[in-house]
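Both of the next two complexes hold chain A, though its partner changes from chain B to chain C.
Right after this comes the complex of A and B.
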């Protein structure tokens, strides 16, 4: 029982971080109908940026988010503007999917070139600090990461609900054509939306770098989990992806504690299979695809 | 669009395969044969992928899973002894059919989704297979890998049997692709690609044809995987179920032209040598990944429909332009004639 509750606590805290990564991906899908296979690579890029800032300049990993977020935002805008915007034709969905895969490969190649393929992680002095509450361990980094993810999700929510940009994004998600007729510059919204989605990878990357050992190839692990979360939550639903991330976080952590860590990834895939069998559009997926 | 057996088509296929067959006999250098084995392998993989991804419009990103399953099936069957070395090739069809059957439930589940989601689901299937290959250590040997017994081939012509096996598989894959394009199956698949709901509405048996395409394509890929395992001799999960192989298949079909007979072949004969060149000139550094990604992006941005469709499009446009010019000229003479008629 103790192990189970400990696993659930751990799962919720981890799930929060996944929620942050997945919400970025969902936002990108919602705005542009692009499944961003580079989201995992962007998270790894964020982790390496944090690593560099920490080891060479001694900047605290949590503080470095303030620096990495604008960088990843710029990367996201750049990818959209240079590589995705020129695509056109009938199967633009397939093409953009493959383009984001190419971006992931390119990032992996560039990161391997700069940092090599050995596993590293970001180890601030408080990395292994944890509290014991009622006999349960709560690690400082995980708790701060969880809270930080909630804050970032809150900011994302406010941006979408309360700003003019957010209104244009939601309008574009609902009906790109009408939005454009009403004066929304859809190219700009797409670019900013992609940038915003990529920017969530900065915070997620810093945290990921503190919690896990990683190398440039780690994005494959990440993207397979993220895709499961996004499909489970229903493509395009940010709320859905948050719930799905928490479900998956708890699920895999429980399996890892009660069975074996090597099978924890498998819970993701089993859940995905069940979702497809029972409800292919996901938990919160709207009937018409891509509502936010 | 029933495709006819034309003399030009037969000659093209005949010359192509004759050239492939003759290379080792003429005694090309070892590196050339080695390069050709991988080129033909990718041509066969890409042509098989094309049966589903090109003809039916279901872009599977998980086909390397079947490649890995075929490779492991072969390695586990022949870990002890391969006899005279030739009999294992005869077991390949069994592996192909078994994997084809195994793929049916997978295809059925994953093809409940379409386009983007289908791509996601199949890529997840790739990761499932890779995790299994790593974790089922009792069967696959996990990260330690699995080995195939070495065949007693003459060292001078050691590569030949693998090379010819790959050629046979390519011929079969192209044969199936050609057969599909001439048959009701191919017609049904192209209606699925164009508009699946309407196709279903007018009575096309969409699920059946999709499953046929999925199973045939998976079985073919598995057989190629078997030959690959035999040739390599030692397989590891990260190489047998490598996302780069999946991307290779997709990219080559995209480059040459999806849904065409020769597109995947053309794509492979351009990209595999290029890939080897990158790997050689950038050595062990990961820069070749970067170069690969760059080629990938260039293809997607500048040749999104592939080489063959772009060329045939241009030809058709030129022909249409010529026709249009002729018609204009005709109309002009007709105009010129009318006043005279009026006068008369």
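Right after this comes the complex of A and C.
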């Protein structure tokens, strides 16, 4: 029982971080109908930026988010403006899949060139600090990461729900032609939406870098998890992807604790398979598709 | 917004040809509308009625000919610039954002406005004209009935206080009661000197609210006249009103 609850706590904390990564991916899918295969690579880029800021300038990994977020926002806007915007025609969906995969490979190559392929991680002095509450271990980094993810999700929510820009993003998701008729510049919304989605990878990246050993190839594992979460959450629903991330976090953590860590990654895909067999549109697909 | 005195020429299409790819849909359309009038465009499917609206709002650029609005050639102007000059296009398909609230939808009508005090004032005016906006303010637009959604679309089109409203088949797919209230609302839109260019499949009701009307056939304007004149024209009646013997009084009675 103790091990189970411990695993659930760990799963929730981890799931929160996945939720942040997945919300960015969902936003990008929602606005542009682009499955961004580079989201994992952007997280790894965020992790390496944090690593460099920490090892060469001594900037705290959590504080470095203030620097890496604008950088990744700019990268996202750049990718959309330079590589995705010129795409035209009926098969934009497939073309953009290839383009974002190319971006992922390009980032992987560039990071390998600069940092090499050796596994590394970001180790601030408090990396292994944890509290014991009622006999359960709670790691400082995981707890802060979880809270931070909630805060970032909250900021994203407020931007989408309470600002004029957010309204134009949601309008574009729900009826692009109508939004354009009302004067919304859909290319601008797409670029900023992509930037916002990529920016979530900054906070996720620094946390990822503290919790895991990573190398430039880590994005393959990340993107397969993210795609699982996004599909499970019902493509295009941010709320759905948050719940899916928590389900997956807890699921894999529990399996890891009760069976073996070897089965933990596998859990993701078994759960996905089962859910899609029973609810082909994902947990929240039918109701919220196309509305963020 | 453009200031024009009543009765003045507001919109003029002159020799407009337009289409997609190689095929021309409009083959030299000539059409005028003055300020404060409702002008109804009728004609068979595929005659190019919606295409006329698109060349006016900028969704489609004419291949030749000119579109003049308030004395200015707007033929090559972007949709957004035309919007800023007071041309609002309400398309045929459901154009609301279904998961956004009624209030948010109406606010989107003022997207290009920067002055928030002006937006709030307009919102109050629009809510006074269209009670549904206040009544269902926080409902998701997608949860409204077809007739209610059309009312919200019309309300939204007023947020820019436009000089010209382009309405594409506003009554399509509505039940008879909602249809009646849509046509009543069209008259409301034309108050305050606004011009409404209306495309209507339901020719009888369209002509009944229109001051001026034009019949579009195979990409050209085949006939123009007052709404009343076309309503009583036997040829128009035979082709577009689906009735031959109905006299004018009877025809009008059926509309309401």
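Rule of thumb we're sticking to: the second predicted complex is superposed on the first by the 288 of 292 C-alpha atoms of A that agree within 3 Å, B and C clash if a C-alpha of one lies under 4 Å from a C-alpha of the other, contacts with A are read in each partner's own complex, and residues count from 1 in each chain.
Note that contacts are C-beta pairs under 8 Å (C-beta built on N, C-alpha and C of every residue); 3 or more make two chains touch, one makes a residue touch a chain.
These numbers come from a predicted model, not from an experiment.
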Touched partner set for A:86, first chain B, second chain C, both or neither: first
Chain B versus chain C as contact partner of A:170, first or second or both or neither: second
Partner chain(s) touched by A:277 [first = chain B, second = chain C, both, neither]: first
Chain B versus chain C as contact partner of A:263, first or second or both or neither: first
Which of chain B and chain C A:186 touches, first, second, both or neither: neither
Per-residue contact with chain A, leading partner among chain C and chain B: B
Partner chain(s) touched by A:6 [first = chain B, second = chain C, both, neither]: neither
Chain A residues contacted in one complex by chain B, in the other by chain C: none
Interfacial residue positions of chain B with respect to chain A in the complex: 57, 59, 61, 109-110, 112-113, 115-117, 119-121, 123-124, 127-128, 131, 134-135, 243-244, 247, 250-251, 254, 285-294, 296-297, 300-301, 304-305
In the complex, chain A residues that touch chain B: 33, 35, 37, 83, 86-89, 91, 93-95, 97-99, 101-103, 105-106, 108-110, 112-113, 117, 216, 220, 223-224, 227-228, 230-231, 235, 262-263, 265-266, 269, 272-273, 276-277, 280
Residues of chain C that touch chain A when the two form their complex: 57, 59, 79-80, 83-84, 89, 91, 93, 95-100, 104, 107-109, 111-112, 156
For the chain A and chain C complex, residues of the former touching the latter: 164, 167-168, 170-171, 174-175, 177-185, 288, 290-292
